[in-house]
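Could you have a look at this structure, given as structure tokens, before my questions?
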């Protein structure tokens, strides 16, 4: 199988290269980049020296379907809206890692992204690629809107409880923390090492564009549509997201119900792990892997649950989940191309 | 003035040495350590080479009042309970940086610390040294229970609003994050560099001994006694605490009232700063200083405020606040011995 | 194939677990630990939850050959001397990651390790497992003394030039830098996060036990036996070694000869990469992989070459090289079980 | 005294603000910036909120002498060449933290900086501000060329031995390591957190513009002019430089002579400290302070000394040394405005 990656020089693209070079069903990668076309990926990123050395191709939506059998698009949000439709119209299967096709309501997209939404036809057809929750739809989709990193962590932690109606959804507060790679490969002030190192930054409180994405999915599985409180922090580490989530349980819900719900959920899904013995997960427990680890604590004093989920933002939060979805779409084993173990320490 | 420091080889003690060597009213330091007595501080900590070179004295509560005019005690919690009463009985003024004398209810202390509480007489007389809130009492106290690092950050952020009855206190959730120096100078697994670096850990959810300390003070300034939800995270940085706090505002409370409350509060206190232009503070903005920076955001969708406070855990969260209290107790200028500026970057 | 790992809870052992779980020829791992016997590896290291969950077996040299077909020993130096001979006498193939069997001269071992050397019989038979330089011997060995992390980086950078007689070996100076995982999994003062973070430490100057190991191998490939100057630094990162090496070139040696030597060397070896276009390698270029990247610069003003090699200390410097040797010993493809790409960023 | 700082928004400028706000002889700071004129420093750098809030003034060399009594210039190298002469001609005393006026030979400057050198008149008059070595000249200078960060660390470590003719200067190799703040406040690829974190980078081997600066000063104190070998590494920490220096001692030189030389040197200078008991210094021992700590080891096998010096690159390597020089020029106590103790941990 020949697979293409648009936006190969970003962090999502680079991680796709790492995974797909190790994928047993992929023969050849073709890398696309508008900003770096003609250059070679291993000159820009010497860690790929001897591994992937092809020239970066210009992005031409009419040529791509002639060159590859499947496309991952990891361009910045806003690019996919115009780039992907001509490719999709030619029948190609696509996984888009950007935000363009995730929000079903065009008004919501405009409000949070301050951009024009893509063609409604493809927004409608795009399947939200939260692998564990839309498994069947993903398997039959032509087009996947791969979830954002924060929504992946938050939803994998919350949906099991929301789906079973265990939480008062009007009380959900999500305090999310991310490593700096979440800010992308382009240098900026907040990611300048002397500022980011030995520092904890908070940003975009109640303004992050991942808020409507989380709400859209929560609402699908809950009986009422309530807004959430969501804040995001920049932690001085390269990879990893921790989502600390607070909510009141509904009257009468017991710790045992929560335990059973999470246990069953973890048993059913290859990449979901429940921290043993009421432990709490650390981001390093999943680094470099596609796992989402979940832990929780119930406080009888406040009737609140504190749930914690961790992922590697570039893996389960981006490229790893994309490859998982690729496997589902193609009938490959779910774990194909995905590392057997996190990198630790 | 001759000043003594018990537990000088811990991080609180070391930071006291740094500050007091620079204090215009202090002539001499005497350092006490039971575990390292006879050794010299600069051999253990070479950064003090040429700065403070005296031998570490053994801790003898009957000798200390003969040797020094004022005592800072930075021994681990549990030691002060037996160590300090004989010193206090001799009339010496003491600031205790440990947890022993902070909680007024002995049952609460037993429950959260799993230790026997100190003599009730001195617990009663101890003034909780939150400098901005107990200023007058501190000025006239013989004995200060210096606040914990997490409570300092949380209370400085919450009390202005709680005191003005702007919050529904039953909805308070505190998501606290600390640098690893908060865990002390003794190596442990969770602070071993290969585990702590590039990692985010969450610990003691709803179980941290700082919970009753925060609640005790919140209850003093609010109309009802409600338990809080509190979680703590270990961030891969050396210093710094960020406290991200969530609460519903009471019906009818406006963003302008919050702004005015915080503005007035910051104007009245030397070491409280309000982030300008609705910015949000980073821990690095206060590193090495005694400042507490506060920012906030109000979300009309949820009627929740997200307030953020940052401190240097070893400064405002320990030694800096202790020196501030020392100044208040002795009628010195509030800023004496405290750095004029954070260290940045 | 059933494979055993002694000392599975150390960093070398953990990395072996990561690699061998992904090795196509290995059916089962048996993990041994004297200190943690009876416990399960995934309870101690939750990143292995769901991946490797067996109980840790006690280390019994007479039982091990009945339980496994091949043994990796990653116990601390000094343990292998007594542990391995009874296992080897039963004909089992063993790769030892400790220092015990690396030095051929027992007096040298005593002097640098301050320990009694192992039985000379097995020291003599042990093949020094520098994969690229002892390839044939490794393929036919019963017992491999896997190289130390610093020697691997230094030797892979120096031997090509030394072997071609391009350097004045009496001028070799090696300035080595390591990430903190090189200090092992047991917490210590110098690896306590508040001390190691944002800090650069230098240690064991001219005293490191890896000095005689480097010299032994250099002398084998050079015409004279000269002592080297060697210093080691602790860098605030988890993984990675950089070896910066200085030497005078012999009279008349040109930059082109050096370039040709390195180019040919890199072309012949799967895991050796020459930095393109006279670039210089960073440790992150090889993180999580078995690569050794090499760069260099020749200064005509001083007639000195500065050569730089980088490895992941837990991979090429320990477990990765061990798996490479395991593949050579068993006739498997050299890359079996080894990741196709570094983890970046 | 009213003092001006040109280039106040760079790291050198910011550190000057921190120090000078604490200087007992300075009444007022005036901050200049061409790129940020009109903005206020505390809006760009919130750590200065409430500490230094003035508007950034445009840089006008004809106005500056009317506004301030003394000028620190911390503009990028190349700017001072044209900016400072008109100011100097008006008789103002200036300390320049850039590289423009450090090299006495204009050809050398052109070759290493690839820029036009400043007016020879002021290059001649500029005193190289290595505080401990040019103390008297500094005291009487109108204009100081403040040393580079790497040269400061290397020279303070080498000059005592070179000056006493203890070293074979033709064998000097300097392996220097710096924290990322050395690269300045402007974001770049190599200082982008995801690339710089958990990584060790080497750069500009034998090409760094600090080489001729080191050589110029070494040659002044040695009997022969020999080129040095010099390499620079980027360490994942914010502040700190370690200079590891290798050289053969001259025939007959003993370890005792080295010890005596360093001991005497440290005793004579306020900010030079010799690591006690043959210890070796870490960069964190001097963080936030103006100290240079020195340690060393002599290897009788190779007759080489390994000397190690550490500084805080923004302090002794820039602003701290500048303030020290300012004190010398004005007859103030050497330590005025300089912190009594490093910040540790």
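Brief remarks follow.
A, B, C and D are the chain letters, set down in written order, and residue numbers restart from 1 in every chain.
In this text, contacts are C-beta pairs under 8 Å (C-beta built on N, C-alpha and C of every residue); 3 or more make two chains touch, one makes a residue touch a chain.
Which chain is which protein? Per UniProt: A, B, C, D = N-acetyl-gamma-glutamyl-phosphate reductase.
Everything quoted here is computed from the prediction, not taken from an experiment.
Centroid distances from chain B, each centroid being the mean of CA atoms, peak for C.
One rotation lays the C-alpha atoms of chain A on chain D, and its angle is 180 degrees to the nearest 5.
Rounded to whole angstrom, the centroid-to-centroid distance between chain A and chain D, based on C-alpha atoms, equals 46 Å. Here the CA centre of chain B is 36 Å from the CA centre of chain D. Taking each chain's centre as the mean of its C-alpha atoms, chain C lies 38 Å from chain D. Annotation for chain B: residues touching 2 or more other chains are 11, 179, 181, 194, 197-198, 236-239, 281-282, 284, 287, 345.
Taken in their complex, chain D has these residues touching chain B: 11, 14, 17-18, 21-22, 42-43, 45-52, 181, 197-198, 238-239, 273, 275-277, 279, 281-282, 284-289, 291, 293, 339-345. Residues of chain B that touch chain C in their complex: 11, 179-181, 185-189, 191-194, 196-198, 236-238. Note for the complex: chain B touches chain A at residues 173, 175, 177, 179, 194-195, 197-203, 205-207, 227-229, 231, 233, 235-240, 242, 244, 246, 280-284, 287, 295, 297, 299, 301-302, 304, 306, 308, 310, 345.
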